[in-house]
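Okay, got some structures for you below.
Two complexes are shown next, each including chain A; its partner changes from chain B in the first to chain C in the second.
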Partner chain A sequence: MRRVSMTSNSRRHPFSSLGEISETRYWVYLLLLPSLLLLFLVVAYPTIYGFVISVREMRLTRPGLNGWVGMKHYISMMSDRVFWISLKNTAIWVAAAVMIEMTLGFIAAVALNRNLPGTRLFGVLILLPYFLPNVVAGHMWALLLDPRLGVINDILVRLGFLSSYKAWFADPNTALAATILVEAWHGFPFFALLFLAGLKGIPEDLYKAAAVDGAGSFTKFKLITVPMLKTVITAAVILRVISLVNSPDLLLVLTGGGPGNSTQVLSLYAFQTAYRDFNFGYAGALSVVMFFILMVFATIYIRLSRITKE
Partner chain B sequence: MHLSKREFLAASAVLALAAGLRSANAATAINYWHHFASQSEMAGLAKIIQLFAAANPDISVTQESIPNSEYMAKVSSAVVAGGRPDTGMVIAERFADLTAMGALVDISEHVNTWQGKANLPDNRWTGMSNEGAIYAVPAYAFVDWMYYRKDYFDEAGISAPPKTFDEFLSVCRKLTDPSKNRYAFGMRGGAGGFKYVIDVMEAFGSPLVKDGQAAIDKPAAIEAITFYADLFRKEKVAPPSTPNDSYRQIMEGFRTGQTAMIWHHTGSLIEISAALKPGEQFATAPMPAGPKAHIARVAYAGNGIFKEDNVEAAWKWISFWGETDAAIALLEATGYFPASTAALKDQRITGNPIYAAATQTLEFGRLPNSFVGAAGWSENVVNPTFQAVLTGQLTPEQAVDRMIEGLEAALR
Partner chain C sequence: MFKSNRSRRLAADILTYVVLCTLAAFCLGPMVWMFLTSLKPEADIVTSQMQYIPTHITFENYVAIWTQSNFPVLITNSLIVTTVTVAICVVTGTLAAYAFSRLVFRGRNNIMLGYLLIRMFPAVMMIIPLYVMMRTVGLVDSRFGLALAYTSFLLPLFVWMLKGFFDAAPKELESAARIDGSTRLGAMVRIVLPLARNGLVASSVFIAIAAWNEFIFALMLTTGQGSRTWPVGLQLMVGEFQLPWGVLAAGGILSILPVMLLFAVVQRAMVQGLTAGAIKG
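Then we have the complex of A and B:
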């Protein structure tokens, strides 16, 4: 009898045990496994590795020094003047760019939402800057603002706003502002696109009802548009802030962080530390600081905007 | 069709043999990373690949162009994460960092048995060697010199280019006229400007590194920074855009007539010759001498082997660059000065007066400073610090203090 039962077990279909598992609560974990594995490989592993690098000495040109250094890089950062300049510039760069982009994006979205003649064409034109890679946009604006040949300088001189061509990126008083304007031009369609999608989702009835109650344009904007767009605004701001904090390419093309670190930001500083000094440990620590700044910002911002309570 | 077992085995054996022969005849494929980007450079490279293919039909070379500013980022990533190329371009300024990170293969044995070595004197190998081992074959040289607008000089009644810094300043004053948007000197204050800041410091008598230690002579360096920055700050003989002007901007300034003199190397001769007439509109001269030393860099560039997988094919490729045919092909396309003495005797160099200044510079020119951390210190400390002096954010004294501090940190 024993022999017969063993034979029948060994001839069981290989998928029958899977079938049995599918009836248990473990099945859901099994189905999640490929995705979890993928997430670990592409998200968790690089992030953890970044943290690990930040507590190690990792200088490619001095492999003999490599090893654990604990919090050394973070302590050095406290007395690193370029870090503090970069932190301040990052805050200015991101805050100013997001505010300008949001304002322009909102105006563009409202205009496009009116379905006036030519809206589609203007829609494409408004979105064009966002389609341009940062490097292309950077070179284009470097030429437009060029102190020798720049069209914008020429226009400003002809209109009488300037007496001679201005080297916008060579003056520490104007370099950061000029790069912010270029970034705002490049990034405002992102807000326009998201705001337009949000505006399309607001029922027209709400505005009609408000009009019946005697609400003016500003009241409608304040009591209907803004509350209804709150989730979109929050998501757009967070995504854009993350993107701006992490992208040094436009500044790399326009100023390289200069003159004299006046446009240096954290992401560019981390990039230059890694790929010019080959000091990956310190660059890793800078990146971890950026990571925490973004985490704290996103948490506070989401709490303040109270979107999770809705 | 029916095959017997014996026929099937025989046919399989023939096919296997044919496949083996085919793979034995197949070209060995190697790849090559470089930072050539301009049309002339790419034309020169294509010509060298073509000549190499004709001489070595069993080796195929795939080239990959990486922007110069990204080159070290890509190489260092390849060293850390794998994916090194077989061969790659090596310039003197980057040699110390490349060897320190273990990116290059020691090729001393190949070089010592190579016939072409005789055409490359010792000073060519100095910048490509470390602790007695050779890591790259010199192919061409960037010889620093000065381009000047001969027509502007004639117009101002200046008979000859300046030979010293004092003469340079005096000529600068004569040639500057902001009302005509004309400035005497296209100073490079943006990316890459550190090169000339260091040159001026040495010309005023301040070394950088001695025996692996920071050796900047503070008073000499302050004098140098003051002199050089004052060309922009006080004398105003450089354009207002100077603090952000890198290669492209100084080149446009010179080509379009905004500036009368620029300091660069032989590599931009073809580009300038395309815009201005050599001998009439522009000419070349050795760099002016400083009060303590006459500084001009002769930076040999070459090629190295980055991994040992196809080392024989890789060696054939990098050594081919040191041969006369390849050197002349590159010279014709780009104007890059050959490293090989055999190629330097070519009529196209000896018979062209525009090259006289470069030939003269070869006699006194110095190799670029080469120490581990030089590139990072130059770009991340010297450049922004000097920019800060230009824009009035720092005094020369403060700038030199920061340079010394940064150099000490880089050497630790």
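Then we have the complex of A and C:
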């Protein structure tokens, strides 16, 4: 493995000493060091610090209040009505959005996977919403569903489904459902993308063999497609749930949690507690709870999907 | 039998196109409506009689957002933050992705899993400590500080995506270069990086779009003109000045223009990388 001939040549090269280091066993550490250092600074340290903040009093508006308070924030959370509402709304919001997005994504993937002419163009068009910024997507739908000039209201009235324009985001009964619709529009291409990749990975022979054995399309779907897609489904659901639980963007733009907490979710509540009330300690505790909920969900979900496989 | 098979196939094809057209309309409809709105004068938007096709086409909304607000400053800030984020990710992430893809070392799987787990951390959980830290070192309201904060979730993503592209690049050429006396560094720079060039571009574009669109970190970490990015600026304009719908729509169209362009350029490679990275994850 030793280089002999090139050594004298490459000495003049400015990178020659780096080139030599690249032959030693320190090379891999040199490659990893920059990113590890960076991630330590912007992820590991802040995470630990986040746990510390959650057991301290930290309000930027009142610098005098500062110090160790132990589990105080966690205890007051138990009697915080908004926390429980947010928890319930988070569950509804995430479960409904994932279900709708998965269904739409699966339909889109199956249709795209038939590889008819023009599929590539359709693929690009269907993927577009996923890359649209939350801020633009939010305001766009606010305009579409506006109580005075919303085009969706107009269409629904013309078709006779509604008697008059409806203020979708201002009515506590429809606000959460309306935000779920926007989220589904924004997020379903993610599932379409992953399911399509999964479908392309299923060998055609399996279906042919099943057809020879006399299997109908439903049997093929149940016994080939679903089991073969299991890994993809599990991965997609986990990734999507994580990002849905974590990102308050869309709700912040659309409703700000209102009306009357009817669309308040944990991530938004934590963000507002920090951003609006400057109560960092309590916001920190809320996000730590979110983190643990996600961990528990991911563990249970992965366990369950493994068990059903066997 | 043969005939019924063929007509069944035809029915399935028609159904497929119906589904695809419906979905495409669902995806594009809102965007088309926003575009049409941006071309209407305000009087035609705020009207009792809904106008489906604009009767007067005007560009005044675009002129208004560009000249009567600080939109150009916001766009410039976003451009700088995005560029810095991509630069940091490319420099540090490429090295890490290469190491994960080509070298065998102790703790490799654990470190890779760690890069993946970072995705599970709630953004809010990172934002609060990052804000306090950045305030201490004077990086709040700084474009560089914001870019650093973005790397917390974009760098791991970049590494995973790029690793997929490196894995796909054939190893034989690299071995040949090594046998010819090239150093590991030489083989990496001259053989592997050019081979994975498309992947590098696709991963960078993905990171760039995410940084360009990011809202919640920017809202918390920017407080003034100096570093405010366009999503935050646009959102605040809506809140503070009751931005007219047409102007808001024009701002939305202008700000998604770069995303559409980048997406169109690298859409195929990016889709490959996204799915590869996600499935292995």
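We adopt the following convention: the second predicted complex is superposed on the first by the 266 of 310 C-alpha atoms of A that agree within 3 Å, B and C clash if a C-alpha of one lies under 4 Å from a C-alpha of the other, contacts with A are read in each partner's own complex, and residues count from 1 in each chain.
Definition applied: a contact is a pair of C-beta atoms (placed from the backbone, for glycine too) under 8 Å apart; a residue touches a chain by one contact, two chains touch by 3 or more.
A quick note: this is a predicted structure, and the numbers were derived from the prediction, not measured.
A.B. asks: Once the structures are superposed on A, label A:61 by its partner contacts, choosing first (chain B), second (chain C), both or neither.
C.D. replies: After superposing on A, A:61 lies in contact with chain B but is clear of chain C.
A.B. asks: On the superposed three-chain arrangement, identify whether chain B or chain C touches more chain A residues.
C.D. replies: Ranking chain B and chain C by residues of chain A touched puts C first.
A.B. asks: Counting only touches as set out at the top, which of chain B and chain C does A:175 meet: first, second, both, neither?
C.D. replies: first
A.B. asks: Just chain B (first), just chain C (second), both, or neither: which does A:167 touch?
C.D. replies: Only chain B is touched by A:167; chain C is not.
A.B. asks: Report for A:99: first if it touches chain B alone, second if chain C alone, otherwise both or neither.
C.D. replies: In the superposed model, A:99 contacts neither chain B nor chain C.
A.B. asks: Where does A:147 make contact in the superposed view: on chain B (first), on chain C (second), on both, or on neither?
C.D. replies: A:147 sits against chain B, while chain C stays out of touch.
A.B. asks: Using the superposition on chain A described above, determine whether A:300 touches chain B (first), chain C (second), both, or neither.
C.D. replies: After superposition on chain A, A:300 lies in contact with neither partner.
A.B. asks: State whether A:257 touches chain B only (first), chain C only (second), both chains, or neither.
C.D. replies: In the superposition, A:257 touches chain B alone.
A.B. asks: Which partner chains sit in contact with A:290 here, chain B, chain C, both or neither? Use first/second/both/neither.
C.D. replies: After superposing on A, A:290 lies in contact with chain C but is clear of chain B.
A.B. asks: Just chain B (first), just chain C (second), both, or neither: which does A:275 touch?
C.D. replies: A:275 sits against chain B and chain C alike.
A.B. asks: What is the shared patch of chain A, the residues that chain B and chain C both contact?
C.D. replies: Comparing the two interfaces on chain A, one with chain B and one with chain C, the shared residues are 148-149, 274-275, 280.
A.B. asks: Residues of chain C touching chain A in their complex?
C.D. replies: Contact set of chain C toward chain A: 12-13, 16-17, 19-20, 23-24, 26-28, 30-31, 33-34, 37, 45-47, 50, 52, 88, 91-93, 95-96, 98-99, 103, 105, 111, 115, 118-133, 148-149, 151-152, 155-156, 159, 181-186, 188, 209, 212-213, 215-216, 219-220, 231, 234-235, 238, 245, 248-249, 252, 255-256, 259-260, 263-264, 267, 271, 274-276, 278-279, 281.
A.B. asks: So in the complex, the part of chain A that touches chain C is made up of which residues?
C.D. replies: 3-6, 10, 15, 18-23, 27-28, 30-32, 34-36, 38-39, 41-43, 45-47, 49-50, 53, 58, 104, 107-108, 111-112, 114, 116, 118-119, 122-129, 131-136, 139-141, 143-144, 148-149, 151, 154, 185, 189, 193-194, 196-198, 231-232, 235-236, 239, 242-243, 245-249, 252-253, 267, 270-271, 274-275, 280, 283-284, 286-288, 290-291, 294-295, 298
A.B. asks: For chain B, which residues are in contact with chain A within the complex?
C.D. replies: My answer: residues 72-73, 76, 79-80, 96-97, 100-102, 181, 189-191, 239-246, 249, 252-253, 256, 258, 372-373, 375-376, 379-380, 383-385, 387-391, 393-394, 410.
A.B. asks: Under the stated contact criterion, what part of chain A meets chain B in this complex?
C.D. replies: Listed in rising order, the residues of chain A that touch chain B are 60-63, 82, 146-149, 165-167, 169-172, 175, 255-262, 264, 272-280.
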